[in-house]
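Going in written order, the chains are labelled A, B, C, D and E, and every chain counts its residues from 1.
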């Protein structure tokens, strides 16, 4: 049984119809990458899984249970963490307070905290500073750190590398690889090189529809497909 | 069947907690009509038709509804309003339409002052009466030292000025005048100043409180125990619900506009009995005032040679008529109704919800020297 | 220099500074004592009424003009309860008197809880994060609530009976200290401590502030923001009710306008205290209480505008209020 | 033009047309009072919309400026006697004081957080209210003051007379001073409203919207935000003061309750919201709707209470004394269901349909 | 070499105890595109903020064509030809795309105080705004509210606003962050176009190495608020210290 199974999910926002019957399955373990151009519907898909948009009709099943009607907080309590596109930092709270809210008990697991510190030293440095004063990249780090401070079953991550320096991107890639051994990651990325290095499975979304699913290896091998779906060729050479 | 005579009652009946006063006044007015017409509701064969207008306690709305009453509805006489500001705004409308406005229950002296006009009559008491009667109730002499506490606006200052004049005419001294913001709730500072000003004075020491609205300054001053300096309190009478707070000052003396047990006459007897019957409570201030206005109007209509406004004005100038407060007389110059007040002493009876302002004596209109606001005669 | 002051408690010394200056200016120790105690207790009573607003305004960023209606309701509910139990108050038994008082305050609090719940569900919920609509819709609610009060209790002033053990004053030398004021100080301090512990020893304060900033994210972290908000709102309204009840006991003659009359002062206190901090609100309330009394004694002419001037001065000095929550 | 916008403009223009012909269409005294009040409040509300709807400034001092304008004329007329000189002098005085106050408040405090600014204006407004009631020698205190207006506006003045010297009637309407006063108010209101329309449609208007939307970025692309805010605050204040002057002339009475009280501030807020913020035309609709409600909801309820007298409970609820209760409820429902106000909602719906 | 159009000397800012930018002295010349790189939190955005006026420095000066603008308000700097696009999209959300751009054009032309002319009458303004609309390929969405645009289009509008200001100094803060590969080339082309003008000074913060390589005339590196390196791209990217603090493995692999 797959961990997350999305069947024929549609989302309307106000008068606009954004997703038209999205379906894909995320297997337990590893990194599942969702790719697509700007405005394709990636963020909307993640938000719908999280219950922040109400999908209709269709279903979202997590470990076999239909979670599509549940309240966001109940979905979160089933072990799903969310790193939103806009980072969702509480700017008025300190870094520490941001982190505390991401734990269920209000206490940190020492080893996990240590892990976060090594991954993102900046957070340690600014631990008692208001999160609103962090730099763009530091906010991004805090957002990811909140998702990994507790053990989760599934992490939904929306463009984590946006605005991060190359060294940090590398470190984050390492971290994801490590985390994905125990936790499934559903990753939305524009940085194809980053996605490719992590992904096991891939889905491509365009104009609110899934236009391709398969393994990362197969997708990476098919340059034509990439070009057609993502206009990747433009900068492909540079990434090589 | 003669044409009806239309009378507009122009009071604030919504938008403020003072609306209850308007209701009392209108109830009193209707009872007054009933009494004066012996239940027929007709004068000289004309049925009386009442028109009710709500000023919403807004002067601009009030002007519009009064103009409407005179202009569109054809009211011959209007009665109102409740607050002085609203009523002040009504005065020019009466002049514009050349119809009579009977002021009741608004209090301010200025309503018969120089901004007023010959179409305005006033049956309600004015602040000068309150203050002078209050001064007389203290039986002032050289041995009396008074500190005053009032709200800091025209009503408070004018009232204290009138009170002071009356006191000082008899040789008593006002040692300090304290004014606090209109919506003040804490009187500690003012009280402390009054204590300091009074405590070392020889003779009788009194704090006079002149206050409109809530806040219960008397209770607050009392809580600071003026008695330890030999200081008494004095304050004017009030409506029944407020009299409940007077239970803490048995024996206190002052003056009150109306208390149902204070007057002994046929009109009042009827009013108290009917009011008890219908509302199972005694009439209050504004009920009596409303009734007085109705009685004045009916008498004027009966005695006037015609229903022309000018004839009515001539009839009413100098007219004397019976009210629950005894006789009243419209002073020809400014159309203020001169009237008596009650000098009371507080008695506490646990069976009664409020403290009883027991009559000491009636202060007759002739004892007070109410300034003439304007002269309508020239 | 300023760092030293800040470490030593900073602005929280302001009331002491005020009191010292006043002592010199007043010159009469007994008057000073009377005024200071009166000011303190006035401050704590204002704090009781302001704390609910501060909680809702500071933490949830909801500007609730309807707050004054809860204060009025609290006053009338407790006054009616006391009136209904007036037999107990005159029975001469201290137990019965305390019980009557407890029931009256309890009734006001219970009413606040219930009304707060309904108010949040019906009125405030649709307008979170929209100040303007909050101002408007709560003003609409205020009109309705005022009318309901008028319809229920009529417009006549209502006398509030007081248990006899709260009457009178303690006389020290030439100064007198009302017993009721001491009682108000006690209640104010207890409420302050309770709030302080709740907000600083639990994650509640954090969650609320985070929820205001980004509600979706708090939910995505697994918390029910809607339930939390309704709880806070109920608490705020209950505090308003309690404040109103205490105020009624102080006023002894109350009218339905009571809430509206203190609304402005309550707003001033919350603002000069600084948003989002209960400490700030307490500080603001005490400063306002003391200022009122000192100015009223020293320069009665100024007392009319003293609060406004105080607020403007403080805002010009510290645009975010005296002790805002760390942002 | 879009359909929704068109509907709103048409509705507003119909209201203006009704106001133009009001003395002839509605020959009752009260209706003229209502019409004049609507005209004045349209200006007041539109100028407030300039602040709150277009620039995003929440101020509680708008009635203060309205009041200063009104008191200017009132004090001049009261202390100098009736005449055009005092009217002009009073208006000019009111405008100057208003402008000074607005510049001072604006420069001092438009930099602080929006909600603090709102509170400062609230404080300033209450100080002025207290002053008005304190300086009773000049202002008439709590009770306000009545005064005489220039001859032309006196009801007894005959604008046109026939051979017999009686007032000419045109379609049954007396050509008297009251009519002159009404048209005076009307023309002033119409001109001010038109001027504000021009402002919101001008480059300045778009800058105001930009400040409302994103102050920092507006500053960043080159607009001095504080200067613009202060400017619009002054423009709105002066307009309100002019409306106040006209109202003082019309009412022949000025007092705290008519031009300064917080109640009027709430009325203005209600009108802006009911009409629709940031639409300017909405001010016309909002002011009309609320003034009509204030004057007629009560009557309507009287009828309704009468009609339902037989039923249980209903008449009690419909008791005309409780009309404010209903106004409050209607208001809540409006804010709830029409957050964009009447005009805003019509524009949204209509334009969307047209666009789709 | 030409005169510097923009120069900072000793620019420093401290937040409490933390020094975000420390004693940065650097000149920028017309016709030159300088890329600023550095780890997250190095102070790049803060450096920009002090040049465009969102933050005032604790010490140091900023000169534009020799004029001291260190303490000017942002609006005054804009008048002096300093233009800035933001890292986090910063638009007028409820105005249409065209209105957004027209506001910038109007600020530049100084028409903002005109209060009695109808906007529609100023056809010249609209025409200019439309030119930038075309340049950024946003014609199709000209009348949509900015808030409803997809992320990529919002980033483009951010750039369009900067272009419409027609500044002398262009400052871009990660203009292509989060942009998919079908959009990014448009923006890079625009920047290349400005650079080609030769009279403009361009400052660009960017983390994508491919972009840096494609555009940079010069690279400066900030680290912990300090100026760590300054020079031609090849030289700077090759230096060991830059590889250590910034590039990590990616640098090693390149």
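Convention: a contact is a pair of C-beta atoms (placed from the backbone, for glycine too) under 8 Å apart; a residue touches a chain by one contact, two chains touch by 3 or more.
All values derive from a computational prediction rather than experimental measurement.
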item: Partner chains that subunit B and subunit D have in common; value: C
item: Interchain contact steps from subunit B to subunit E (minimum; 1 if touching); value: 2
item: Higher-contact pair (C-beta pairs counted), D-E versus A-C; value: D-E
item: Label of the chain whose CA centroid is most distant from the centroid of subunit D; value: A
item: Identity of the chain that, by mean CA position, is farthest from subunit E; value: B
item: Averaged-CA centre spacing for the pair subunit C and subunit A, given as whole angstrom; value: 46
item: Separation of mean Cα positions, subunit B and subunit A [Å, integer]; value: 77
item: For subunit B paired with subunit C, centre-to-centre distance based on mean C-alpha positions, whole Å; value: 36
item: Residues of subunit C touching at least two other chains; value: 304
item: Numbers and ranges of subunit B residues touching at least 2 other chains; value: 19, 152, 181
item: Contacting chain pairs - touch in the sense defined above; value: A-C, A-E, B-C, B-D, C-D, D-E
item: Subunit C to subunit A touching residues, read off their complex; value: 203, 206-207, 209-210, 213-214, 216-225, 325-327
item: In the complex, subunit C residues that touch subunit D; value: 63, 123, 126-127, 130-133, 135-137, 139-144, 146-148, 151, 264, 267-268, 271, 304-305, 308, 311-312, 315-316, 319-320
item: Touching residues (chain side subunit B, partner subunit C) in the complex; value: 16-21, 152, 178-181, 183-186, 188-190, 192-193, 196, 213-216, 219, 223-225, 228, 239, 241-242, 244-245, 350
item: Subunit C contact footprint on subunit D (complex, rising order); value: 52, 58, 108-109, 111-116, 119-120, 122-124, 126-127, 130, 134, 266, 269-270, 273, 277, 322, 324-325, 327-329, 331-332, 335-336, 339
item: In the complex, subunit B residues that touch subunit D; value: 13-15, 19, 54, 56-61, 63-65, 67-68, 70-72, 84-86, 88-89, 91-92, 96, 108, 110, 115, 152-155, 157, 181-182
